[in-house]
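Dropping a structure here in structure tokens format, bear with me for questions.
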Amino acid sequence: MSSFFTLLLLTFIFSSNAMAHPEYLQYFKKESGRAINCAMCHTNPEGPEGVNPGQIGSLDPEAKKLLALAREAKTGDNIKNPILNDFGNEILNAIGHENLVELEKDPGAIPGLLSKTSDLDHDGIPDYQELLDGTDPLNPNDGLPWKLFIHNFITNWFQIMMITLATISGVFGLYYTILWFSIRTKKEFK
Amino acid sequence: MTSNNQDHISDEGKEIKVDDEKRAFVKAAFGIGTSLFLLSLGSLGKLLSFFSKQNLTKDQQEQILSEKIQRLKQTTDEQELQLERLSKDYILVAGLDSLSPIKGIYFIDYLMRPALAFSDDDGLPIVISAKCTHLGCTVGQNVDEQGRILCPCHMSRFNIKTGSPAAGSPAKTPLPRLGWFLMDTHGNILLTQNPQGKQSGTTDMDKLAGSSLYILKKFSGGEA
Amino acid sequence: MGDKNKGLKRLIEFMHDRIPMHKFNFENLVLKKEVPIHRMSWAYYLGGLTLFFFLVQVVTGIFLLFYYQPTVSDAHASIEYITKYVNNGFFIRNLHTWASSCLILCLMAHALTAFAMKAFAPPREIIWVGGALMLVIGFAFGFTGYLLPWHQIAVNATKVALQSLDESGHYLPGFISGIPHYIKEIIQGGPDVGQATLSRFFALHVVILPLLCFGILGLHLLSVQLHGMSQGVDDLPKKSEKFFPFFILKDLIVWGVAFLGVFILAVGIPFESFYAFPFFQAYNALGATPEGIKPEWYFYFAYYPLEIFPFWLVMLGMSVMGVLLFMTPWVFKKTSRRALTILALIMTAYLVVMTFFGQAIYEIVKGVKG
């Protein structure tokens, strides 16, 4: 099976000079239990192959140069591969292109090699964790709901406190309005 | 608290009741007043700011505008394709000589689906839909050593000659084959094949050399 | 001649009892209105709660209307603009989404409890029928509103739902087998879900359904005020409280707490975070369909049975339930509240099981079928 994948990889290399990674997709989908697609790391949700915006076939000469540079990326570099989004580039620069290709056999090792603190969308969930959870590391409104709730609750504590105070005082006021009416009505009918 | 007092009809009782009533009124007014005050303080400004001008940075403005231009271009491209498919009875795919047995050429068929063209062992074209019959992903263009193309989304593999999905693929129905013809530079139709695979014309590769591959509207259910 | 007059007289009497405009005076509407107190009294708040969430939807919907663009090329981008750049835009949008689920939940709870309390008993039949219409309109609001963001799940879920409608034609005889397809094309506005569909769904969601709803709601609320709250339990309740001001004020307390709840949800949890992110990417007609497309949760009670049971059985079941829904005041006229409560509990159990466990049941059945 792995020899088949290697052959497939070689077919990709020789025939298209492109690198699609369905293995990563399958692994992280299974791990997280959530349906994910290429947009986790790539600029185009359908992946890098094709002629649509964000795909290899649509790159201008300058972008093609960046792509070639990215194929030489080493750990610690700061390269912006035009077919990858910010998270994809975070992975590329953390691991290096050669290692990334190697890790197709062991995609589970990728999160461990990423920064533990990087949170590109500032939603309170680190990027490596979002990869494991199957949520979009570049969308602050995507993440496991209870994790987002804790973060948003803390961030917006003042608004929540104000509205809770407004509700409590409103309920207090309405309760005493009822009481006032009840005293008045009893007074009127006595 | 108050219920005990309500049964007294003495003057003292009536005073206590009035006090209770006043107290209840004050608390009620305080509660509702505070609530409305807090709501206006907190919410009104926010609700009004929803309607005010968005303070966008230069980068943000550039990004929004370039995304809009990209969308408009995509819409134009798509509608140009639609117009072509509406007005023309046949559409050029590629020259016969440019077809490859291991790497398909993408094009858009009459139903606006992605499709692929390959060459067979005998040099004749294989024209097949590239919209995966599982969930509609675009199938890859590279042919493996078993003559199959791979859909990257859920790993269905399809035999390019029959369109059939390999055993174990999530896709269960074959990729539909498209009808096509080969036309020479003088406008003569040399060979036609319908979607069922029936051919009419010459299969002599010497005569077909230099001809071009076209897809036909009449074979796509899109007849005028 | 006498018969005709008799028929007309019966009709006038019927309407006179059902919409008692002679009770439209201050004494009846305000001074004398009482709300029975019994073990089901908590359910009297559900109608008002539904109205509250509907008002939240109207207000937040109007806000969103200032920025939303109903074209296939710009709909998704306009929603992203609201989310990313408009001040508090994300909050208003998230509130609209959460409140829509709360609205439909309250709508179903209100319908089930009104059924259990036999609130449809004469002379309240028209209140029930109006309510049944609004239940259908509520689901129509959900269905039409869901398409508007024009993302993957919006368009594909709509296509799947309309496909089911189309398929029902195969089970109909002769010339009427073409009717579902015809209806589908009217709903879609064309051979496929596209700009025509988006335009008409927008018109429905923003103008037609709200106008219909306001009209029916007006009649529904007027009728409730004219008739007063129904007794709710079989034994005539001994205690009651005044509608004005006590019940109304308690109602407002419930609204206040409900608003706090939905506010915290809207601030804290983006509704979309419960789903896979590919669902919310812009719809691409030439691209892939994400895996796991399904309708909104409040349609699961109909969606999963379609996946599990034979199509014709589900269609038959839904048709029967639809007829029963509107004919309830006459079909269940003589049924005791005890029996109605049991029926309501069975329906609630079905709804809860199918909504929460529908996916699991489907997977078990699919596994068994191989």
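Note that the chains take the letters A, B and C in the order they are written out, and that residue 1 is the start of every chain.
Convention: contacts are C-beta pairs under 8 Å (C-beta built on N, C-alpha and C of every residue); 3 or more make two chains touch, one makes a residue touch a chain.
Since this is a predicted model, take the numbers as computed values, not measurements.
Counted by C-beta pairs in contact, the busier of B-C and A-B is A-B. A centroid comparison over C-alpha atoms places C as the chain most distant from chain A.
One finds 34 Å separating the Cα centroids of chain A and chain C. Annotation: 29 Å between the Cα-based centres of chain B and chain C.
Per-chain CA centroids place chain A at a distance of 20 Å from chain B. Within chain B, the positions touching two or more other chains are listed as 74, 137-138, 153.
Contact of a single residue of chain C with at least two other chains is seen at positions 287-288, 290-291.
Multi-chain contact residues of chain A (touching two or more other chains): 37, 46, 159, 163, 167, 170-171, 174-175, 177.
For chain A in complex with chain C, the touching residues are 34-37, 39, 45-46, 134-136, 139, 141-145, 148-149, 152-153, 156, 159-160, 163-164, 167, 170-171, 174-175, 177-178, 181-182, 185.
Considering their complex, residues 63, 66, 73-74, 77, 81, 85-89, 92, 285-291 of chain C touch chain B.
Those residues of chain B lying in contact with chain C across their complex are 46-47, 49-52, 54, 56, 60, 64, 67-68, 71-72, 74-75, 78, 108, 112-114, 132, 135-138, 153-154.
Listed in rising order, the residues of chain A touching chain B in the complex are 7-8, 11-12, 15-16, 20, 22, 25-26, 37, 46-47, 49-51, 53, 159, 162-163, 165-167, 169-177, 179-180, 183-184, 186-187, 190.
Those residues of chain B that touch chain A in the complex are listed here as 2, 6, 17, 20-21, 24-25, 27-36, 38-39, 41-42, 70, 74, 102-103, 106, 137-138, 140-145, 150, 152-153, 155.
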